[in-house]
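Take a look at these structures.
The same subunit A turns up in both complexes below, where it pairs with subunit B and then with subunit C.
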Partner chain A sequence: MNSTHLTKKQQKQLDKARRKSMKGVKIKHKSKFAKALTKGRSNRSVKGSLTLLACLFVFSLIMLFPVVFLVSNAFKPINELFIFPPKLFVIQPTLDNFADLFDLLSDSLIPFSRYLFNTLFIVLAGSVGHILISSMAAFPLAKFRFPGSKLLSNIVTLSLMFTAAVTAVPNYIIMSKLGFVDTYWSIILPAFSMSLGLFLMKNFMEQVPDALIDAAQIDGSTYFTMLWRIVMPAVKPAWITLFIVSFQTLWGNTAGNFIYTENMKPLPAMLTQIASSGVARAGVVSATSLIMFIVPVVVFIISQSNVLETMSTSGIKE
Partner chain B sequence: MKTARRGWYYRLSFPKKTALWGFIFLLPWLLGFLLLFLVPMVQTFQFSFNNLEIIPTGGIKLTPVGLENYRHALLVDPNFNPALVNTLIEVFLYTPLIIIFSLLCAILLNGKFRGRAVARAIFFIPIIMATGLMMQRVTNLSGQMQGAAESSNVYGAGFIAELLFNLGIGKQLVQYLLDMVNRIFEIVSLSGIQILIFLSALQAISPSLYEVAKIEGATAYETFWKVTVVMVSPMILTCTIYTMSDLFARSDIMTLVYNLAFRQSRFGLSTAMSSIYLLLSVLSIGLMALLIRKVVFYYD
Partner chain C sequence: MSAWDFRRQEIIRSRQLYAMIAPYFLLFTAFTVIPVLVSIVYSFTQFNVLQPAKFIGLENYTRLFLDDPVFLKAIQNTLIMAIIIGPIGYMMSFIMAWLLNELPAKLRTLLTVIFYAPSISGNAYVVFRQLFSGDSYGFVNAQLLKMGLIYKPILWLADEKYMMAIVIFVSLWMSLGVGFLSFIAGLQGVDKSQYEAAEVDGVKNRWQELWFITLPNMRPQLMFGAVMSVTNALAVADVTVALTGFPSPNYATHTIINHLNDYGIIRMEMGYASAIAVLLFFSMLFINRFVQKVLRKVGT
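Up next, the complex of A and B:
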């Protein structure tokens, strides 16, 4: 049959018919590589998958560049750090920078572990509290209708428009009135009430089928049980993602003008001090940058499998 | 008889119970929102019309000065106006790029393919990196390198730049290209949360819509424009709002305001600048939101 005489539509139909009749044969034609690429689906073309991978590859290169640069910088000896133009990869890797960093740390009055504890406390308390409070608030907004719920949802969306960072001065005054200046709470409390978390949780919770919640209600569960045993497990990817986002926000917080006492300061404050000491400490600075970067990455890798995963919301058909 | 003994809670109707628990659940957040968001917002405006002094013994002293702070911010201060204009240009330049890029990424990442987990991990790196100190380091580095205009090795693209330069393409054009490459990283690093929001929106699209499109014989291109884009359009609005407010929060103005308040103790001037800035940002975000709202489709 000469296919050039056919219109495009007819051609397509013909192709479909052909594919149908030769289903078993076609799968045999796919190489092992192609099968792996398309996850064994017959309706996925190898070409399409390859294009997709190529696109992703280019983007990943852009994203990975600073990481590679950071890592190789940390292992560069001082003379290589100042090569101009800078080289991407290290030529003679050395651990001197880390040794210098630990020398510097052992000389300081307050032990490194204290800074680490401060940061970890702030980060963990802030993130966990943020997730708890925003998911508690998101649950009724996403799943129930009651007087004022619509208005509150609108307020949440609207408050995303306001840049909360401009309120530094009144924020400081409120904190000082509450007696929270120079305590961890001055950093942790503002983290609790960010509306971004509430907004994200609300979006995800709206995807949980109503039938699940109705079923729980009929079985006589309390509202807390509904949230804890049904909704929260269903939106696990959402709150793990939120945890990572708020972890990294708080991890980088130097607590600049809220905490004065040196042994209450978080790790970034100390590292910024080291970093600001100029050219002579360039090696130490690149080592600290790597350390600052490693921790969130480790946290991310641990929780990675859950982040951005497809929501599996039970087998209910609506 | 029995119900009366069991107290008022059991006599509430179902909708009232729901409302009660709804507000109990909302209470902690609402408290934080009022105390740490709404009150500071109002106070920012209040302070901007005053001269604010912090009394060493505690407390604050306000002396009303009318519009003096605003006059100083707009007419006297040499840094404020240029920074304001720069920020506005940047925001309107970056926002569309970030939205398009993050939608693209979300669609790519939403597909099913081998190694999706790795791809997602890589795409999440910018979110991790976009913290203050880290970002400073990276931008510093690329800034330093960019300073070395002609042979700079930014992103390993130095040899390409040199090639273009040798081909007789003007230095300015090469510089512009390098600039764009630099911006790509900035854009990428700012679009983490947007990718997330779009991904959740994409996953919320009912597969039956795609099935219908397939049965009706729509091409992939048509499906994209008539199903995917339409269904995620509410999220495009949200992302735009979020992106713009994020960009406004990261601008140089913030450092200016911050330094004025906490280094030079000129609280009144600082809050006046914040108020102008806040008004401007809310205005531009509102304008954008109104424009986009016209094409947004809500599916119920």
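Up next, the complex of A and C:
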């Protein structure tokens, strides 16, 4: 039978049958697009990859939404902040809110620069001290066995398991006994001994090849020189991570319970004061939130590759 | 030479090492170990800082459970939050890290920053005060009003029906923290050749691949992430104060740490506050230990 003599109906039936017979046959050669989606692995389906990507996309939107709202609000003029219905995106972006914030700050008794200095001092002194002191402790625990080393490592891991809030009350009493209340030390000293930092640093140092350390030991260098000359340069990602972690903790610290003298208070303390002052300053509050938000995020963006390298060794081993 | 002599020699030989760890552990003792011990001691006393502490035995503990309905409410709230935020936040961190792992490097970095940002942003969660504001200028209210789903604005942050859900939602938004980064880094570190071998060995789909190869390889990171999740889930406090106020209406979102701060910082009843801290301390350790035991079974 010649196909040219088929009626339209017959042609349709034939096509259907052909398609049916094709269904069971797997297509061996995936398109370039499909290959990228399944990483070229036969045990992955394109459909599955697309579904998961769609989930990821929806999740990203949910995560991003409050951030967009926060950023957009900071640039909204006051009439847009109180418009009905409120818009997600700003229509006429303005820097007025930031200008108002700086006006407000320059009017206050204590100049803005003083609060900024306090925060920078606390963050920098706290972070540098944290890195130095944790590295000095991490090196012996990671690379040598001595009486008590195992016990101390376990105590540090254990202390990851509860929050600072648990020790906050006696901490105040201890600070006042030591005479550190109302000084920068009350914030900086506890930051030196944050256990997450020591934990991450110790795990990362365990990866430094023993051969390097053995060689130095034969040369007769002291442990401290070994740490300083050989180990520290090899663990750069780890100390950048420790800097980020302590930066994030200290940056948002209002020092509320520990520092009373106004000209020693850090920036967040004064920004929360502004933020709590009501509707009239809605624009200033939004600008403030953006500043508080953006600084740690930018610091993280700059350092993220180092942080992720450190985190690859962050596991708790049994 | 006796065992003790040997040990003593070992200690003397390691004196340089002890000198190196001394600064850290001196501070760690002063600001972590001693506070925990001091809390335990104070929890058996009545102490208001001004007068010397007075030993009262277990009275603080009996008062907590028998005579303080707000504390029982706080336990209930904390458990509800922890049971939802802990596991969901943990799984969310892992699943998102797992999905990101398939993406090209640039896109992966971008999404990592977006997901991680809320947890490091200090107090960016105050933006939810504007989103869930109780008047018609609040974003959520305005949208619902416009769509005609509601006829008058809802007091999201003062109505007991919604407060808990919103606090949980915001906490989940902030739950992709250090544990999430650890997962991302851990996934990158899994040896690629194992996946190829598994494909040949007949691992049928990505779920089998996840269970038989990825998860067992990630066990140390899973443990670390779990510690971070459990601790965070039990420590919700700042978010409730910022969103629903302190104390929250009818104590609807009052947590154990809110209660601890109330007595320790505002009322200066240090003995009572210490009892709360001690209970919280031991429950955090206990739950963490339990979760670790469960996680040892992953992929086996």
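Keep this in mind: the second predicted complex is superposed on the first by the 223 of 318 C-alpha atoms of A that agree within 3 Å, B and C clash if a C-alpha of one lies under 4 Å from a C-alpha of the other, contacts with A are read in each partner's own complex, and residues count from 1 in each chain.
In the analysis below, a contact is a pair of C-beta atoms (placed from the backbone, for glycine too) under 8 Å apart; a residue touches a chain by one contact, two chains touch by 3 or more.
Note that the coordinates shown come from a computational prediction; the quantities given were computed from them, not determined experimentally.
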Touched partner set for A:L152, first subunit B, second subunit C, both or neither: both
First (subunit B), second (subunit C), both or neither touched by A:A137: both
Touched partner set for A:Y115, first subunit B, second subunit C, both or neither: neither
First, second, both or neither for A:G252, with subunit B first and subunit C second: both
First (subunit B), second (subunit C), both or neither touched by A:W185: neither
Which superposed partner A:A238 touches (first subunit B, second subunit C, both, neither): first
Residues on subunit A lying within both footprints (that of subunit B and that of subunit C): 39, 41, 49, 52-53, 55-56, 59-60, 62-64, 66-67, 69-70, 73, 84-86, 88, 133-134, 136-137, 139-141, 144, 146-147, 152, 159-163, 165-174, 189-190, 192-193, 195-196, 198, 223, 227, 245, 248, 251-252, 257, 268, 272, 275, 285, 289, 292-293, 296-297, 300-301, 304-305, 307-308, 310-311
In the complex with subunit C, residue positions of subunit A that touch it: 39, 41-45, 48-49, 52-53, 55-56, 59-60, 62-64, 66-67, 69-70, 73, 82-86, 88, 133-134, 136-137, 139-141, 144, 146-147, 152, 155-156, 158-163, 165-174, 178, 189-190, 192-193, 195-196, 198, 222-224, 227, 245, 248, 251-252, 257, 268, 272, 275, 285-286, 289, 292-293, 296-297, 300-301, 304-305, 307-312, 314-318
Residues of subunit C defined as touching subunit A within the complex: 7, 10-11, 13-14, 16-18, 20-21, 23-25, 27-28, 30-36, 38-39, 42, 49, 96, 99-100, 102, 109, 111-118, 120-124, 126-128, 130-131, 136-139, 142-143, 145-146, 173, 176, 178, 181-182, 184-186, 188-189, 195, 199, 203-206, 208-209, 218-224, 227-228, 230-232, 234-235, 237, 257, 260-261, 264-265, 270, 273-274, 277, 280-281, 284-285, 288, 292, 296
Contacting residues of subunit A [partner subunit B, same complex]: 36-39, 41, 49, 52-53, 55-56, 59-60, 62-67, 69-70, 73, 84-88, 133-134, 136-137, 139-141, 144-149, 152, 157, 159-174, 176, 189-190, 192-193, 195-196, 198-200, 203-204, 206-207, 223, 227, 238, 241, 244-245, 248-249, 251-254, 256-257, 268, 271-272, 275, 285, 289, 292-293, 296-297, 300-301, 304-305, 307-308, 310-311
Interface residues, subunit B side, partner subunit A - complex: 15, 18-19, 21-26, 28-33, 35-37, 39-41, 43-44, 47, 52, 58, 60, 105, 108-109, 111-115, 117, 119-134, 137-138, 141, 144-145, 148, 151-153, 155-156, 158, 184-185, 188, 192-193, 196-197, 199-201, 203-204, 238, 241-242, 244-245, 248-249, 254, 257-258, 261-262, 267, 270-271, 274, 277-278, 281-282, 285-286, 289
